[in-house]
Each structure stands twice: as structure tokens, then as C-alpha cells.
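For clarity, chains are labelled A, B, C, D, E, F and G in written order, and residue numbers in each chain start from 1.
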Amino acid sequence: MINELALIVFTPLLAGVLAWLLNIRGLREAIGVIGAAVPLAYVAMLHGKAAEGLSFAINLGVFNMTFALSQLSWFFVGIAALVGFSAVLGLVSTARGSYEWLFALMSLTGAFGVFLANDLMTFFIFWEIMTFASFMMVLRYNRQASLKYFVLSIVGAYAMLIAIAFIYVKVGSFDFSAVRSAFIEDAYARMFGSATFSSGELMTLFGLFLVAFGVKAGLFPLHVWAPDAYSETNQSYTAMFSGVLSKTGIYGFIMMYILMGTRLMVEFGMFRSAPKFGYIIAFLGGLTIIVGGLLAALQEDIRKLFAYSSISQVGYILVGIGVGTALSMQAALFHALSHALFKGLFFLAVATIVYRTGKTTFADMGGLAEKMPFTFAMTFIAILSLAGIPPLVGFASKWVLFEAVISQNLPILGGMVFFGSAIGFVYLIRFTYAVWFGQRPTDLDDTKDAPLPLAVGMAILALFNVVLGIAPGLVARELNRIFGRDIIGGNLFVLDLGFGKYNALAILTYLIVGIAIAGLIYLLGAKARKVPVTDTYQSGNPVTMEYNLTIRRNFFLPLKETLSGWLRISFDKTYRNIGAWVEDFGEVMRNYLYNGNVQSYAWYLLLVLLILAIWGV
Amino acid sequence: MEEASKVSRYLYTLIVLFLIWLALTASLDPQELTFGFILSAIVAAITYPIFTTRGLANLHPKRIAYAIVYVPYFLWAMIMANLDVAYRVLHPKRPIRPGIVHCRTVLKTNPGKLALANSITLTPGTITLDVDGDDYFIHWIWVPDEALTEKEEEHVKAASEKITAPFEKFLKVIFE
Amino acid sequence: MNGQYASLLIALPLISAFFVPLIKGLGDRAVKYYLILVTAVQVGIAGWVFREVYSTGKPIIVMAGGWNPPVGINLYIGHFAALFVVIVALTSFFMAIFSAKAIETEPTDKYAMLFLLLMLGATGMIATGDIFNLFVFMEITAISAYALTAYNKTGEAAEASLKYMILGGIGSSFFLVGVALLYGATGTLNMAQLAQLAGGINATVAQVSLALIIFGLAVEAELFPLNAWAPDAYQAAPHPITAMFSAFVVKAGLYAMARILYILSAASGWADITRLLIVLGTLTVIVGELSALRQRDVKRMIAYSSIAQVGLIAVALALGTADGVSAGVFHMVNHAIVKALLFLAVGYVGITLGGTAVENFEGLGKRMPLTAFSITVGAVAVMGIPLFNVFWSKVRIILAAMDANYTWVVALVLAASVVEAVYYIRLIHTMWFTGEGERIHENIAIGTIALFLALLIIFIGLYPDYFWTLSQKAGQDIFNVVQYVKNVPLMGVGS
Amino acid sequence: MLKRALAIISLLIIGYWLAQGLAGVPFGQDKMLVGQYYLDNVREQTGAVNAVTAVVVNYRGFDTLGEVTVLFIASTGVGALLWRKKRERTAKTEGSVVLKTGTELLFPFIVLFGAYIFIHGHLTPGGGFPGGATIATAFLLLYMAFVGYEIPHRAFEKVEGAAGMGYVLVGLIGLAIGGYFLFDWIWLTWKWGAGNIGRLFSAGFIPVIYTLIGIKVGTELSGIIDNMLKEEVGE
Amino acid sequence: MISVYYFGAISLILIGLYAVLVKKNLLKILVGLSIMETGVNLLLVSIGYVSGRSAPILSEGIGPNQAVDPIPQALVLTAIVIGVATTAMALSAAIILYEKYGTLNVDEMRRLRG
Amino acid sequence: MNVLTALGEALVLIGTFFYFLSALGLIRMPDVYNRMQTSTKSATLGSLGVMVGVGIWALGEDFGSVAWLTKTIVIAVFLLLTNPISAHALIRAAYRSGIPLWEGSVMDKYRDHIEAKAKGEEGETPKEGGGE
Amino acid sequence: MIGINVYLALIAIATLLSMYRFMAGPTTVDRLVAVDIMTTVTAGLMVLLALYYQRMILLDVALVYAILAFGGVIAFARYLEGGL
């Protein structure tokens, strides 16, 4: 019997390669779906078996590649398998050729590998596989976007590599447990005398990891790749990209806590009730929420909107992680789950829209609710979930997060989190109205509803949004298992934090009752005049395009103008300038050094001889 | 001048080469002699068409006798030439009156012309600049008054008498 | 079979090269097939030598003329040489096949001879145990490389060749001065005996000779700023030859540098030289990558990339640790495979589409999918993506460098790798996602080689154990000088 | 000017450095280790009296094989680079009769002397390379004197190749007979010329190899001269 | 005090290198390289010299302890041939270069660059 | 000291003196043509003296053998044959490469000859132009 | 061998003077003539040294040298007159 973990990790890759090699329409889709279904099935089977210490190793000679299943990794693998499977269903409809099957499934393998890795090198290897595969998905659509993504990713990856190599050199092992105990020992050593890792080294390590995981998670100001990359690829794949891949960054931060948290805490101490180093993460997370949210509001392209929204949401998770209490961690994990669920759902919906209409900007859309009722229904669940409307899963996680942050007396972070929710409403309203309601352009009259695979994918995610929203205790139970103690109390429907309580069932009941009453009123009340969405009213004055504040075009222009000063500070541009500078520098240098004149080259030789001579005597 | 038979030419070449070999090794060791003979035979086989046209006829006793007499005659001329040159080099006023003169030879064979040209080059203040058919053009460090005439034929006659004629009487016998 | 038969590695290419004039009359085709045949036999001999060395674990010491070293010259075919003669032979074999298609310029018979002698030179450099003999083989390699660089007889080819000759000439002169000093100080040219006597050499002599020898070899090993000939030569040489340059000619130089470095590790001034080499190696990486960044000619771009990788290998070899050397050797192996593939594929594009300018690569994915795929695999491998071979050796080098406290080197090298990723990604994008074109029939033989190399890249990427073990043994062969000296049956002359 | 000054200063520094190094290996001092071994054993072990030759052909025969190869590469390389579809001599002036005749007379002598040099390589200085160079000089003179002269290329190339093969074959016979590549089977196995040291038929395979090298070098250098002196002409 | 032979050898090497560094004519540069090689060869021979000893040809009454080191001389023979070979190659390449570029000035030999 | 060594040494002395004279001519003469006049013949004679002198000298020493003499004679004959040829080739090269005669020269019959020849051959074989 | 130093001195002076002509030129043929003289003188020197060291083998060297030098001078001369 092949090890379950190996199956989880390698089935998608195998399926991807097979699908790519066979490249027969229909067959490759089937193989792809199986490739994503097998891990999901195994994850489901392994539920509750994390304590059994399931592990797996491949001896590569170069080193031992090890995998192990823990509660934490089960949780993340679960998210990845679920969202990945749904995204793969989406791909059945939207994938353009075997190329995408190969790399989509390869990136899934990467993510599984990252979550299941039991040593730093394995972690890094799968991190790279995942990055590379996702990059290839973007490359096909847009060279510029993919380059930006890849360069930032690789900068992050190499930062991680240096950090890992550094730890390896000091500790002599890649193994998580060995590294962890080494750091804990070192923490004691620090407290009672001299430590192996100096303060500067630790700061460097932390910085390197911050860059490494920050890039992947989309932490401000390393987020600039995400909007382009998320939008410039297959939108079904984006569901996986945003839902799964960005979680590896989160997972990385958590691993950093686990491996060297104690040591860092001992070295750098606390800021208020959060560890100092964590506060940096949290603060950047807060900025990420704000920046992502504001920019999301200003987008004219739905793909971009959700890309920025995604960034913003990951900010929440990072705040939770940064605050560093058990509860905030749990909140972060919880929100990671809900974010994967609702953002996955969103992107599948976007994929459906793009697939059916071929359009991506608000200006070209409108009134689709009528034409795509199922998709609209799914999107509506996602909207509610993201906006944090009970009893959907988004509310539960956000509520825990709020409570966790506020209870720690961290007002700035609290404010940031709150602001994030507000701005979330702003861009969701626009999306809701501009795409689904209002006047429908005539060329969208023939738009059909979601194709079956996409529909199934959305349905699965929607189901989880609802079920886990109503029964958040399911999640809480898993989270408590990870921490080995009951941090969030309550039962299946009730979350009890000790100082606050949330009863999803009760809220559901109120909601149903409320809706029933409203429906009753609607049915019994005065007959409203039904206006077809194609019916347009225009009062006498012609609308000028320059300042056309329809909901579909430049709706938030005033906001944009207000923020114009801030918007000019663009990290994206800074990075691009750095890139251009490097290229120019390379060009100048190469033309200067390799000027073609062999006599200059002979002088180089003389120079080296001179150095040797001066050095030698 | 007609060509001798191949055998004659080959044998002549072989003899000359083997003699040179003997001079080079100056050894009567049978190993050297055997090998030298074989080698001379091989090299002669390759080179005799270039080396000689007249073959064994070169070894005619009269020729050899004249050649033997020519050596001291020429050496004497050469030493005289060198003393003359020494005088011109060491003389503070550097007494020179150079020019290119035109001579004519009666020699017909190429080896004869070569010998003449080399002899000229090595003797009194003369260097053979070019040989074109029977015409020799010679750089002369002291053109005598007799040769300074404008009339071509007179000039050639005067120059030839001074330069080529002294050697020709020997060379004619040796090479013609 | 007697280990002395390993001398066939030298004898076969030589006698085969000398034989070419005798069969030249049979025509170009015949000469090309003959070349393939000879290289195939060479692969066989190399394979036998490899098996012999790795199965017994003992090096083969070929004693020319039957004289024990240091009286005679010996070949030392240890784990490194045994591994690399296979690489040399195999690459040559592939390139011989490629040459059948790629070489149209006459005179083909001369090409075949020079080709064989280039292979011979590199083999000898790797195998020899005598420092002056190393010089001879280095010159054999270099002069055949000069000739082959200019083989296309264009002005550019002659220019590149002349640059190569001038810089190579300076390098080899100073190398020889170093050898002269070393000989003057020890009275021997045998490397094993030199290793024994190195500690006792007068400090100044040791410093100067070591510096000069390394300087000379660094020109061949393409270290910045001594490598300015390299991009031109790579660009101008016939495509199969470029592949050989990158796959093993430069490797032979690197090996020689490492071998002598460790042979003389007892010499004073050693640490300074290694430090300088690391600095130069790092600069090589950076300058190479930056120079490749905006290249419009893909062959030249890959040439710069190759130079950059060579710098990385030099860094690894100069770290002065067993891990570093092993990692360097591993990278040599991987890089040889990858660059053979890349230059093969790029060269094939060059001869099929009339040039290697980047414009010719637009739509290559549609026109020549197999070739484009090969280039992609190669490019991805060089970038250091896991599941491809180069990743493992890069990681090993980085670990070794960190271990030796060269964090700044690692940081700079990795920064340069980012640049490398950028231009390779651009190439991949150009091939697959721009341009259009009719499908062109791709040569089966070349396609098979490319596919084989690509699969090898992936195989090592998935299962690096075997090659890593080989590399470790080969690295030990270079690093463990004590063992090296023990292995050479030195007779008691003097010492 | 600045460049020249810089060059001179740099070179002086480098020169000083080299001199420092050389000061450690004093001139005229006996630094021999392996060299003394050769001097002590050369007669018995190789049968040659010229120790340099014994080192070149026998003890360090591998170098010489390489050296032969280098020259072969040069000849091949020059041939490859200067190869054109149609090439001819394009001399503007004929050689004079003096030069022509002189060459005709000297040619056999120089060839013979070249052969003398390589055949006596084990007894006197010289050997295959000077001997070959001397023979090539003979051909050079032919080229100088006769603007229409050409060596028979094909034959020369074949001889060149065959001589090279001969060298390797001698080495391989050593491998077969004595167990080592380039083993001097004539001297060490067959003991030929044992009573002859200092005479022509001695020194094992050294004269054999020198003869092969001499022929090879002679044809090679002639080939190089031929290639250098011809230019491409239109069809 | 450095011996005159060493001094000469180093001087030749440096003079050759100087020519390579400043002369613009390719042929002069190649001559410079040859001068360097000559210097190196002289150095090799000088290193093998032993005061008061003769050429290592053990005839005419010269015994093993009256001869200089044969090795450097053997090496020089090899080095000379290698030098000749390189020069021949360089001249051929220079001929092509002159054919194609019409110049031997190294400053104009710069089509491959960057 | 016997007759042979004395004779040999005398010849060597004369030979080396002519070497010196030859080089002196190289310095003192005004142009290349006249330098060759004074130098090449002195050098040849010098060589003759030195070579044969050494051969004879060696015969008088106890290590000497007849081989010394035969070999030195071969060398001497070689130089006697080749030195005038190279002198001739050089002076021809000087003339044909356009080096003018010394201003004190009194005549140049060769130029007349070349010009006449060029005129005669014009139109027939334009390739064979002769000198310049 | 009383006078050997005198002969060597004369040869040395001759070589130096030729060297001067080689450096000073002014024409290429001047330099070539200087080389020709130098090689002739050097051949003589080699023969003298053979006597001095009592090594007949050096005579062979002198002859090889003379042959190669002759070939070289002829080649250069022919090159200068356009005869290649």
C-alpha cells in the first residue's frame, strides 16, 4: 500500500503529467479531476488521524525528503484539497489545453508538499514547484505579469533558501523537530548565557522569512505581483491561486512561529501584548487590509477587484498571526479557511462570467442576474460570506478575529481591521450592482448560465460556506485539535470565547424568520411596478463620459481623487524602476566591459596579474 | 644542353648525397654507412629530377680539375675583394661611387649562371641584383670611368670585361 | 582487462584523427559517419573505464612507457576523471551526430580531425597526473578550440578566434612561468610528488607560482575578468563545438584549476588565492547574468549564462571544503547536460531558421515544438527549479558556501539568479506565446538526443541520489589530496 | 601616453613580483630531482646517450605525443581556415635564376640533412622536430623560388596521417607487448641494440619515433607553408 | 642579485606583454605573444641550468654528474613547437580577418561585443 | 700547441675580424645597397675562416677527429653557397620594394631595363608587370 | 685556446652592431640584412662554442640553424618583393 501522504502529494502531479502527455480532450479532463479528487478523498479519510504520526520519506541521496501529517497540516491540506478540487472542476470548463492541466495540477502538488513537508528543504522544494507551476499558468497569459510575479517570488524563495541554509549550517539538520528543539534550546541558552544565534542573525533570519512568506501571502508592500498575476491567468485557476497558494505564505508564517517563535520572543520581547516581531507582521497585515481594500474599490476590472480584495483579506489573516495569542492564531486559521472558501467561490464565479461573456470590466456588464441565476445565487453567498454577514463562514471567522484583536488591547490594529470591513462593503456593492443588476448591454442577451463542472465546483464551495457558517463549531473543533486545547469553546453552532459568544444557529433562525416576514410583506403588500432591466431612463441632460459616475464606470472617482496623493506612492512602480535600473545597468556594464577590443581584454588580464603581484609581495 | 638519362642523373645525385653523408658523419661505422646509403638512395630517388639535368657528366675529369683550380682562384679574388671592402669601410672618407651596371654573360646553363652570380656577389664591391637571360644587373660600389659611358653596348662591354669575364673562363669549362 | 588499456582513451581519438586523411577521399558523408563511429567507440571505452573505477573504487593509474611516476608521466583516472571521460565522450558522440546535420562548411575532414582532437585534449586534461603534461593537453584543447572557433571562416569567427588566442596565449605563458618556478623549487612535475613537496617550498616561490598557475588556468576556466574571449568564441564557433565548449572544455579548465589548487593546498598563500577565486567567481556570476539579460542573440545569451554558471562552479570548487568541491562537481555534471541540450537545440534552430537571433525563436513552440520543449526544459533547469537537476547542485553549493561562511556570496549569486530567471522566462515566453508559423519537420536523430538529455535532466531532478553519490566520490577525488598521493605509485626518487 | 605609462608601471610591478619569485630558485643551482635520476639511468634504461631525447621520446613520451598532436592540429587548423574552393599562388614576381638554381642544388642536401638530424636524434641534439623543420625548409625554398610550385597535398596529408598513426601504433604495440602504452618494446623487451649504445642502431624505439615525427613534421610544416602561400581566386 | 638570464627572461615576457597591451597592429600583438613565449622558454632553460655543467648528452666524455638538467630542455622543445603551432593558427586567422575586415587594427576588430 | 692549432686559430682570428668588419660596414655605409656591399661578403669570408679554422684547430686538439673538419667544411660550403644567394635576394627585394639608390649613385641600368621590358610586354601579358 | 675571449669579443661587437642596424632600420630590408649578418655570425659563434665545450654535436646545431635562417631570410626577401 502506497503511503497516503505520498498519494496526496504526488497524485496531482502524476495526473498532470499524464494529462499533458496524452492530451486527449475529455480524457485529460477526467484524469485531471481524478488527480484532484484522490487527494481530497485521502484528506477526508485521514480526518482525525493526524495524531497517528503518519509520515513518509524519500531518500534522494542529496538529502532525505520527509513528509508528515500534523493537525495543522491536515487543516491546510484540507483547505487545499477542497478548494483545489473545486478549482479543477472549474478548469474542466475553462482550461485551454493540456498545458494548463499540467501546471495547475503541478501547483496543487506544490501546495500539498509545502503543507506536508516535515523539513525545511522539502518545504522549500515544493514551495518552488508551486511557484514555478503557478508562474507558468500566468506566463501563458501575460509575460509582464508573470515576470513580476516570478521575480518577486524568486526573491522570496531565495531569501528563504538563504535562511534555510543558514539554519542548516547552524543546526546541522533540516528536520522541523530538530530545528525547533535547537531554537528552543537556544532560547534557554540566551536566557542563561550565550546563544548560538546572535541578535543580528535572528533579525536577518526573521527578515528573510518575512520577505519569503510575505511575497507569497501578498503582504504589503510585497503584494504588487498579485493583482496582475491573479487576473492574468485562467480564472478557475485563480480560485486555487488565491484560495490555496496564498495560504502557503500563511502556513509559512505559522511554521516560523512554531520553529523559532520562542527564540524570537526571547530575543526581541513584546510590544504591548503581542510579540514585537509578530507586531511587525500584524501591522504590515493591517496596512495590507487597507491598501488592498482601497485599491479594490478603485478597480474597473472584476478580476482585479477580486485580486485586490484577496490581498486585503489575507491581511486579516496576517493580523491574526501577528498578534500571536492562541486565540488570534486560531482566528487567523479560521479566516484562512473562510477566505479560501469564499474567495475560491468568487473566482469561480468570475471564471464563469468571463467564460460566458468574454468580458472583464464593469463597463461592459450589467443585468446578468437574470441570465445567470445560478451563478448569481452562488456569488451572492460569496458576497455575504466576504462581507461578513451571518450566518456564513466569513462572519464567524471575522468575528473571532475582531474579538481576538480587540481583546488584546491593540487599537491601531483593531481600527485597521474595522476599516477593512467597511471598505469591503464598498467594493462589493459596486460589484453586486454593476455586474448583476442594472441595464444589461445588448450583446449579453444570449449569455448562458454556468456550465456543469463550474456549477458543481461553485456549489461545493458554496455549500461549505454555508455549512461551516452555520456550524462553526466544526471548524473550532479542528482548530482546538491543532492547539491541543479548547481555546474556542461552545458547541457545533456556538462559538464561545469566554468574553463573547456567537450562536450561528440562533442567528440563522432570526434570519429565516426575518426573511419569511419580509417575504410575507412583499407578497401581501402593494404590487410594485416591475421594470425590465433593459429599460433605461435618462433625464434630459446627456451624460458626459469624462465624469460619468455610473456604477459601472468611475464610480469611485471622487475617492480616487481624494487618495491621489497616496496613490502616487506606488511600490509597483518602484520595483519596476529597480528592474529597469538593473537592466540598464546590465546593458551599460556589458557594453563597457565586453567592448569587443581584445586589447582591453588583455588589460583585464594585466589587472588581475597586478592584483596578484601587489597582493603577493 | 640536353638532358642525361634518368639513371645517370639518379646515380649522380646518389653519389653526391652519399659523399655529403660521409662528410656529415665522418664515420666508417657500418651502421652509419649502410643507413646513409639507404637514405641517400631514398632522397636521391625523390630529388634527382630537381637536382641535376646532366647527371654523371658532371663528374668528367676536366670539369673536376677546373673546379679544383677554380677554388683557390676564386678564394684569392674573394680575399682581395674583402680587403678592398675593408679599405672602404675603414677609410674615414668612405670612398664609394655606387651604381647599377649591366653585364652580359656567355654562360648558358643555370648552374653556371648561379656560380657566376655568386662569384660576382662575393668579389670586388659587386652584388648581383638580378639575372635576366644573359643579362646581369649588378650593384657596383665603385663604378669605374670606363663604364660611365652613355652608350649601352660600350657600357656592357666595359662592365662585362671587369666583372664577369674573369670568372667565365673557368666556369665555362666547369658548367658548359 | 588490464587497467593500462585506459590509455586507449588517448590513443583512440589520436589514431582516429590521424586516420582521417586516409579516408578523406570517400567523401563528406563518410567522414561524418566515421566521426560518429569513433566517438561511439570512445563512449564504449569511457564506459568501461568508468565501470572499472567505480566498481573497484580504485583509480586506474596509466603509466606511459611503463615508467613509474615521477620518472614517467602517469594518467590518474580516479573517480573524477572516470566520470568526466564519460561526459566528454558522450557529449562528443551526441555532437558528432549533430555535426552530421549542422556542419556544411568545408573542409569536413579537417573539422572531424579537430573535433576528435578537442575531445582528446579535454580527456587528457582531466586524466593527466603531470603538471607539464597538463599544459600540453591544455594547449591541444586550446589550439583545436582556436581552430574550431574560426572554422566558419567568417570575419567574426576569425575575430573571436584571435581574441581567444591572444588571451589564451597570455594565460598559457604565465601558466608555464608558474610551472617553471614550481619545477625549480621541487625538481619534479608530477602532481602527486608536488603535493608531497608543496609544504616545503620557499614561501614566495610558492605564492608566485600558485598565483601564476591559477591565473593561467582561470583564463581557460572563463573566470571574470579573464573570460572576455568566451562569449565571442561561443557565439562564433559552429554550434556543436559551442556545446562542447560549454559542456566539457571549460569544465576541464575548471577541473585543472581545482586539482592544482588542492594539490598545492600546503603551499603558502593558498588561502589568499581561494579567496580571490571566490571573489572572481562571484563576479563572474553577476557579470555573466547581467550581460545575458538583454542579449538579442540567444546563442550569446546562453553563452553568458554558461559563463555565469561556470563562475558558480568556481566558487564551489574554491570553498576549500569537501562539500564545496562535491557540490561543484555535481554542478559541473548537471551544467554539462543542460548546456549540451541548450546549445544543441539553439544551434538546431540556428541552422534550421537561419540564425539564433531572438526573432527566430518567436513561435518556435508551434514551428518546432520538440526543440522548443528541449530549450524550455533546459532553461527551466538552469533557473534552478526543483524537479530539474540543476536545482540540487545549486542548493548543495549554497549550503556549502553558507557552511564556509560565505553568506555574501550566496546572496549575490542568488540575486544574479533572479536576473537569470528573467531572461530565460522571456525566452520561454517568446517561444511559446508569441509569433506564428508553419510546423517544420524536426530531425529525428537530433530530437532523440535532445529528448534523452531532457529526460536525463528530469531524471536527475527527480532522483538525484545516483549522480550525487558519483559527484561526492569525484569531489573526494579532488579534495582528498592525501589519498591522491597514496594512490599514485611514486617511486623513491629523491624524496 | 598615459596608457603606455600605466602599462610600464604595471609591468614593472609584475616584473618585480616575478623576480621575487625567481629569487627563490637561484640561477645555476643544482635543483635536480627527477632530472638527476634521468642522467644516472638514461643509458641503461633507454639506450640513448642524449638525455634530452630520452626524456622527450621515452620518459616523457606522452608529452611528445601531445606535441606532435599540437603541430598536427596547427597544420589541420591552418588547412581548415585557409581552405577555399579554388586557390592558387598569386605571386607578383618570379624568383630569379640565382634563387631557382640555388634551390635546385640545395634541395636534396637539405632533405638529406633533415633526415640525418632526426635519425641521429638519440645521439645528438635535435630529433624529429628540427629534422622535420629542416625538411620543410627545403620545401619552403621550392615555394620561394618557383611561384608555380605546389606540394602534392593529398599525398602529403596521407603521409602525415600515416606517420601519426605509426607513432600511436608504436605506442599501442608497447601496450600489447609490454603492458604499457608507449612502452619501449624494442629496447626493453627485445633488447635490440643493447651492445650499440652511442651508435646508430640503439636507443630502442627513439629513432623509429623520431623518424615518424620527422616525416610528420616535415609534411605538416610544408602543408602549412602551402596553405599560407595560396590565395583564393575567382572561379 | 638576479641572474642576467632570469632578468632577460622576465624582460622578454614583459616586453612581449607590453606589445600586446599597446600595439594596435594585430601582427605586432602576435609578435608580442611570441616574444613572451621566448621569454618563458628562456626562463625554463635557465631554471634547468647548473653552474659548470654541460649539455645533457652523455657522449664525448660527459658523465651523469657533468650534465645539466635535461627536463627543462625537453619541456622547452615542446613549448617551442606549441608556440609555433599557435603562431601558425593565429596567422591563418589573421589572414581571414584581413580578407573580411580589410584591416589588422585591433580597434577595428570589434564586431563581436557586448 | 702544434701547427694545426696555430693555423686553425689564425684562421679563426681572421674570420672573427671579418665578422667585425662586416658589422662595421653595416653601420658605416650610407644606404642599404652599400651596406650589403660591405657586409655580406665580409660575413661570408669570416664564416669561412671561422668554420674551417675550427675544423683544423680541432684536429690539433686531443679530442678532435676528422669529423670536425668534414662537418665544418660542409657548413662552410653551405654558407658559401647560400650567403650570396640571400644577399642577392635581399638586394633584389630592396630594389623591387622601391628603396631608392643612394643619392651619390652614378647610374641605374636596371631601371632602364625594366622600363624597356614593361613597354615591350604591354598589352601582351599585363599581369607580369615586373618591378615598380 | 688563448685567444678565445678575443674572438668572442669580436663576435659580440659584431652582434651588437648588427643589433643596432636592426633597431635603427630605416628600411625593412636594412633590418633584414642585419638579421642575415646576425645569423651568419651566430652560426660562427656556435661552431666556436662547439670547440670551446669540445662538443662536436653543436656543429649539427649550427648547420640546422644556418639552414633555417637561410630559409627565413629568403622568405622575407621574397615577401618584400611581392614574390609570395
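The definition used in the following text is that contacts are C-beta pairs under 8 Å (C-beta built on N, C-alpha and C of every residue); 3 or more make two chains touch, one makes a residue touch a chain.
Here is each chain with its UniProt name: A, C = Proton-conducting transporter membrane subunit; B = Na+/H+ antiporter subunit E; D = Na(+)/H(+) antiporter subunit B; E = NADH-quinone oxidoreductase subunit K; F = Monovalent cation/H(+) antiporter subunit G; G = Monovalent cation/H+ antiporter complex subunit F.
The structure displayed is predicted, hence computed values, not measured ones.
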Count of contact steps on the shortest path from chain B to chain G: 2
Winner on C-beta contact pairs when D-G is weighed against D-E: D-E
Chain at maximum distance from chain D, centres defined as averaged CA atoms: A
Label of the chain whose CA centroid is most distant from the centroid of chain B: A
Centre-of-Cα separation between chain C and chain B, whole angstrom: 61
Centre-to-centre distance between chain C and chain A (centres being mean Cα positions), rounded to whole Å: 44
Rounded Å distance, chain C centre to chain E centre (Cα mean): 27
Mean-CA-position distance for chain F and chain B (Å): 13
For chain B, residues contacting two or more additional chains: 20, 24-25, 114, 117-118, 128, 130
Residues within chain D bordering two or more other chains: 7, 11, 14, 17-18, 20, 22-23, 25, 31-32, 34-36, 38, 60, 63, 66-67, 70, 73-74, 77, 81, 92-93, 96, 98-99, 102, 105, 109, 113, 116, 123-125
Chain F: positions in contact with at least two other chains: 24, 36, 40, 44, 63, 65, 67-68, 71, 74, 78, 81-83, 85, 87-89, 92, 96
Interchain contacts, given as pairs of chains that touch: A-C, A-D, A-E, B-D, B-F, C-D, C-E, D-E, D-F, D-G, E-G, F-G
In the complex with chain A, residue positions of chain D that touch it: 7, 10-11, 13-14, 16-17, 20
Complex interface listing, chain C residues touching chain E: 132, 136, 139, 143, 146-147, 150, 153-163, 165-166, 169-170, 173, 176-177, 180-181, 183-184, 189, 231-232, 235-236, 291
Touch list for chain E against partner chain A, complex: 17, 20-22, 24, 29, 106-107, 109-114
Contacting residues of chain F [partner chain G, same complex]: 9, 12-13, 15-17, 19-20, 22-24, 26-27, 32, 35-36, 39-40, 43-44, 46-47, 50-51, 54, 57-58, 61, 63, 65, 67-68, 71-72, 74-75, 78-79, 82-83, 85-87, 89-90, 92-94, 96-97, 99
Complex contacts: residues of chain B adjacent to chain F: 20, 22-27, 78-79, 81-82, 85-86, 88-90, 94, 96-102, 114, 117-118, 121-123, 125-130, 132, 135, 137, 139, 141, 143, 147-148, 155
